[in-house]
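Here come two complexes built around chain A, the first alongside chain B, the second alongside chain C.
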Partner chain A sequence: MIARLLEGMPRAAAVLLALLFALMAAAPLFAGDYLLTVLILILYFAYVGQAWNIMMGFAGQLSLGHALYVGLGAYTAAALFVHFGIGPWIGLAAAVPLCALVGAFVGFLAFRFRVAGVYFAILTIAVAEFARVGFDHLDWTRGSAGLFLPVAQYARNDLWHLRGHPVMFYYILLSATAIAGLGCRALLRSRVGYFWLAIREDEEAARALGIDTFRYKMVAVVISAAMTAFAGVIYAFYYNNLFPEQVFHISRSIEIILGPIVGGIGTLFGPILGAFVLTGLAEMLTGALAALGIDIPGAKQVFYGICLLAVIVALPEGIWPWLSRRLGLGSDKP
Partner chain B sequence: MPRQSKTARLTRRAFTAGMGAAGFVAGAAPFGIVRAQTAPLKVGVLLPRSGVQAGIGQDCWRGAEIAGGLLQELGLPPLQLISGDTETNVDVARSRAEKLITDGAQLLIGAFDSGQTTAIAQVAEQKGVPFVINIAAAPQITEQGYKFVFRNFPTAAMILGDAFKNQKEIFAETHAAPKSVVFLHVNDTFGTAMAKGISAVMPKFDMPYKIAEEIAYDPTARDLSVEIAKAKSAGADALLVVSRLNDAILLTREMVKQRWTPTAILSMGPGWYEDQYLKTLGKLSDGPLSFVPWYDPNKPLSKKLEAALAKAYPGINLSTNHVYTFEALLVAADAYKRAGSADPKALAEAIRTTHITNNVSPGPGIMFNAKGQNDKLQLSAIQNRGGKLVTVAPKSAANARVVWPLPPYDKRG
Partner chain C sequence: MSALLAIDGVSKRFRGLLAVDRVSLAVPEGAIVAVIGPNGAGKTTLFNMIAGVHAPDTGTIRFAGRRIDGLPPDQICRQGIGRTFQIVRPFPALTVEDNVMVGALLHRRQAPQARLRAHEVLRWLDLYDKRAQRAATLTLPDRKRLEVARALATDPRLLLLDEVMAGLRPTETDRMVAVLKQLNQASGLTIVLIEHVMRAVMALAARILVLHHGAAIAEGAPEEVVRHPAVIHSYLGAEDVA
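Coming up: the complex of A and B.
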């Protein structure tokens, strides 16, 4: 099946991907705890970046409120765990349909009434903000005081309850990122994927060709929301505390989309590369400033902004399309 | 043989060099031992020094910066501070904690915000590195059974409980109590949490006043004239407020404009006592009472801390941020001295048995219960007076008598 998914991919690209995966799989053997924490962050953003990319990169629908699905997924699984002792995987089974349903609601509101472009983006922000304010007042999830999951020192990793060492979370996120990557490729090569691309390029033309644009845009939103719910569940059980102000905040949505933008919107590997570049760059800047003895709060953000600006100005399509051409891998942007 | 005799022969030059080396080693060894005993404890200071909470994080950092001299004066061993900026972000807080520990931090302090603090606490517990919380009020942090996490800051429940106790003390002293109040609060996360907490806790304290009206407003509001007009028309004696800095300034200006001076302004949050409020409003800033985790101005160490801050940062009043960051470092240095080593377990054990009475915060001193919480801490009631802040309750930590009622705004010159 994997061979079928990799069909059509340049041999060099497949080899490089396999090497990267092997390197990442072996990383906990040589990486210290700090590096492991950074790698977990990278994988988290790589995963949610891919989920967002389905909506924007494939179907052309700009969502600026994806933190909504992270938060809903996180709160659903965490609340079920705290109140009823229901494990996170069963919580996930509740979180995914819930987020898919909310995604469908947002999509229905927008696509039914032809809310598109910037207005669609504003609608996604509005719903996420609505959720933030709502959860601030929802006593069942402890409102603005925050929902805390019980924490203890775990002698062994309990995969069923997602309690244990960060290495466990690392491998879960690595697997999820890899599966998401393969899933995105499968989707892109399917009938739905071609319809999405047609909608992204010219919705009117796609409709004229007989594509049910409403239906396929809804499919994109629902899949993207459902995928993001998984990231939320992992987030909840990794950090063990949730505050509406933090999980639903627009800054979280912006963090999610930065990776794909820098890596390359609409490409398969762009969101992953973007997550590596952004998180890696941030950590390297921190290290470099510390090594130089510079202790100016906010200096990192200024450098970070300059670097991002440079990437966006020099490589408006993102880093991956340029890099893949340089490496002779061809573009994976359909 | 000749070679053997050559190597075995001791020349004058070799002897001199050998003696020199021996002398150097002998001379240096004691210093080495001394160095090992007084080598500074590496303390990772995790604070939100950039991002939304940057101002507060930098204020806390000032408290850390002025600590060195005072700790030395107290005969405590030196600390080497390693700064970690959490960027007001939970993810970053966790990775910074990991980084500081990787960089050799033997103890962590921080991190002002409950979410960031919880993320750091998990890392500290996992690594077995002691973590002394400077500011974070979520009760759950010390309810997790952590062995390496300690908090010298009141929980949300302690804050509310003490606030009502201090109000009652003031009412008893002045023989005057408002019969009704208008409760004005921001509708952000903090304001909403406080509003709920006040509603839940107030009935237990049998307060003399009733809440005539509750008015919530947006923290980004640029005009609060309608809110003040509503509060004024409610006919209540006093204002009970939970606000931030900007809206505290706006509310005061509106009261002046609308010629309304309530009997008292009772603030249960930030804003009304902050330097910017005092500087912006001048004489109009006098009078509001704030119920906050503060310091005991009568304690000798408080006076020294005030002097140290005034010297390093003229014009900045000593506040919660400085006090509790300083005390977190005081706990660290004291534990290091008693533990006699930087071994994390020995440090954690020493922190657990902390008993510091020469401290800054109100109450009997710094000591931790089985959960790692200092439950002996007391809150203060402070009042703005001529650009300064005085403590009016509890009596044990007061340095002034309360001015009651609030002087009318139109008679302040």
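Coming up: the complex of A and C.
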């Protein structure tokens, strides 16, 4: 199975990937609590970055509102848990179809009425903002006061209810990131993947080759939204509190897309690399500033801005295409 | 009417300009027909109506007996009409092979089968050795060939070629002509081409339709058409006839 999923990958790339995965799998053995939370953050962004990359990197549809699906997924699972005691995995089974449906709605509105490019991006922002304001006033989820999950000290990790030590979340996110990576690779090498790239490159030419562009753009949005829903569920049960102003905020959406941009939009490893680089460096910066006793509010945002600028100027395709060439891996599709 | 493509009295008006004026054309299965005419004669507009980019204002277009006028481009392609664009539109960031793969996947579910088809088509068009290059790095003649390869990969019954010889050197033109002739003879591929390169038109086409100001001013065998007074007057000019 794994062998089939890795088929056609340069040997060096497969070895490096296996090493990275082994290192990540062993990390909780030697990582302290702080490093573990940083790694969790990295994996979270690696996962949602890949989900976003399906829409933008593969199918060329720019979403600036992916916080919508994180928030919807988070609120769905959390509300079901708080109100009915329904566990997160069943909550996930509700959150995924809901986000898929909302994604389909956004996609339908846009693609049916030919809202494209910048206007599509604005539409995705608008829907996310709509959700933010809506949830601010939705009593069922406690509105702007925030929804809190009951927290207690747990003697052992309860995987079924997602209550327990961060290590549990770490391994869940590591698995999700790895599965997402293999899934994206399989998608990209399949019929739908080729059609997405064609749409991204030149939609009119894609249509002239018989591709039902509406349908395949819808598929991209729905898969991306459904994948992001999972990140939302994990977010809710990891942080245990949800505020509309936080989860649906546009800065959350922007955070999601920074990783793929820095790592390489449309590449398979770019979103993962980008998450490591951005989150890793930002946390190192925060740590260094704290050690020096300097407190600069917004230092992280400024740092993100500098990273973004540097990448856009020096490596407009992102770090991964450049790095993979340097490593002699040739293709930017490992 | 047993024509594979039957165009009957189609017109298209853009604002005040009548781009195509009641043009009719019947293309039998296995034929090669050229559409010629000066710039702005309405050739590409006619193509765009066949390919579904524009719906005709009047008239009908039938393909294999079925009405196709007004259908969107993707549906028309799925029915078996492949087209190239006059201004080439490769997928620039994709390799030559992946460009052609997109076309080959239209009627093939699995990538490996599509790859076989893509390789076959790339060999016909002399692009096989360049298959790993990004399309953006190709020269214009190669991009023209890639357009043809991509359209061919969709297994069309009818191929619409919009000035694919433009910019090719004479030897390259001859090569393209040979490839198209071979495809036509071996698989019965029907071809309608817009072309300014008369060397290619005369070598390929069994029939020629001449458009001028949107209207068909002559139609017939190449030898007849190039001697037609209206054609000489409007388009070819005296020295080209000889």
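By definition in this document, the second predicted complex is superposed on the first by the 315 of 334 C-alpha atoms of A that agree within 3 Å, B and C clash if a C-alpha of one lies under 4 Å from a C-alpha of the other, contacts with A are read in each partner's own complex, and residues count from 1 in each chain.
One rule holds in what follows: a residue touches a chain if its C-beta (ideal position, glycine included) is under 8 Å from a C-beta of that chain, and two chains touch if they have at least 3 such contacts.
Everything numeric here is computed off the predicted structure, so don't read it as measured data.
Chemist: Between chain B (first) and chain C (second), which does A:W140 come into contact with in this model arrangement: first, second, both, or neither?
Modeler: neither
Chemist: By residue count, which of the two partners contacts chain A more extensively, chain B or chain C?
Modeler: Ranking chain B and chain C by residues of chain A touched puts B first.
Chemist: Looking at the overlay, what does A:F84 touch: chain B (first), chain C (second), both, or neither?
Modeler: neither
Chemist: Is A:F105 touching anything from chain B or chain C once the two structures are fitted on A? First, second, both or neither.
Modeler: Neither partner.
Chemist: Counting only touches as set out at the top, which of chain B and chain C does A:R207 meet: first, second, both, neither?
Modeler: It touches chain C, and chain B stays clear.
Chemist: For A:F148, is the partner it touches chain B (first), chain C (second), both, or none of the two (neither)?
Modeler: After superposing on A, A:F148 lies in contact with chain B but is clear of chain C.
Chemist: Help me check something: in the complex, which residues belonging to chain C touch chain A?
Modeler: Within the complex, chain C touches chain A at residues 51, 72-74, 77-78, 82-83, 85, 89-94, 98, 101-103, 105-106, 108-111, 114, 150-151, 154.
Chemist: With touch defined as at the start, can you tell me which chain A residues reach chain B in the complex?
Modeler: Touch list, chain A to chain B: 32-34, 36-38, 41, 136-137, 143-146, 148, 150-153, 165-166, 239-241, 243-246, 283, 286, 290, 295, 297-298, 300-301.
Chemist: Note which residues of chain B are touching chain A in the complex, please.
Modeler: 49-50, 54, 57-58, 83, 85, 87, 90-91, 94-96, 98-99, 101-103, 114-115, 118-119, 121-122, 125-127, 138, 140, 144-147, 156, 188-190, 192-193, 196
Chemist: Give the list of chain A residues in touch with chain C in this complex.
Modeler: Counting only chain A, the residues touching chain C are 189-191, 194-195, 197-198, 201-202, 204-213, 266.
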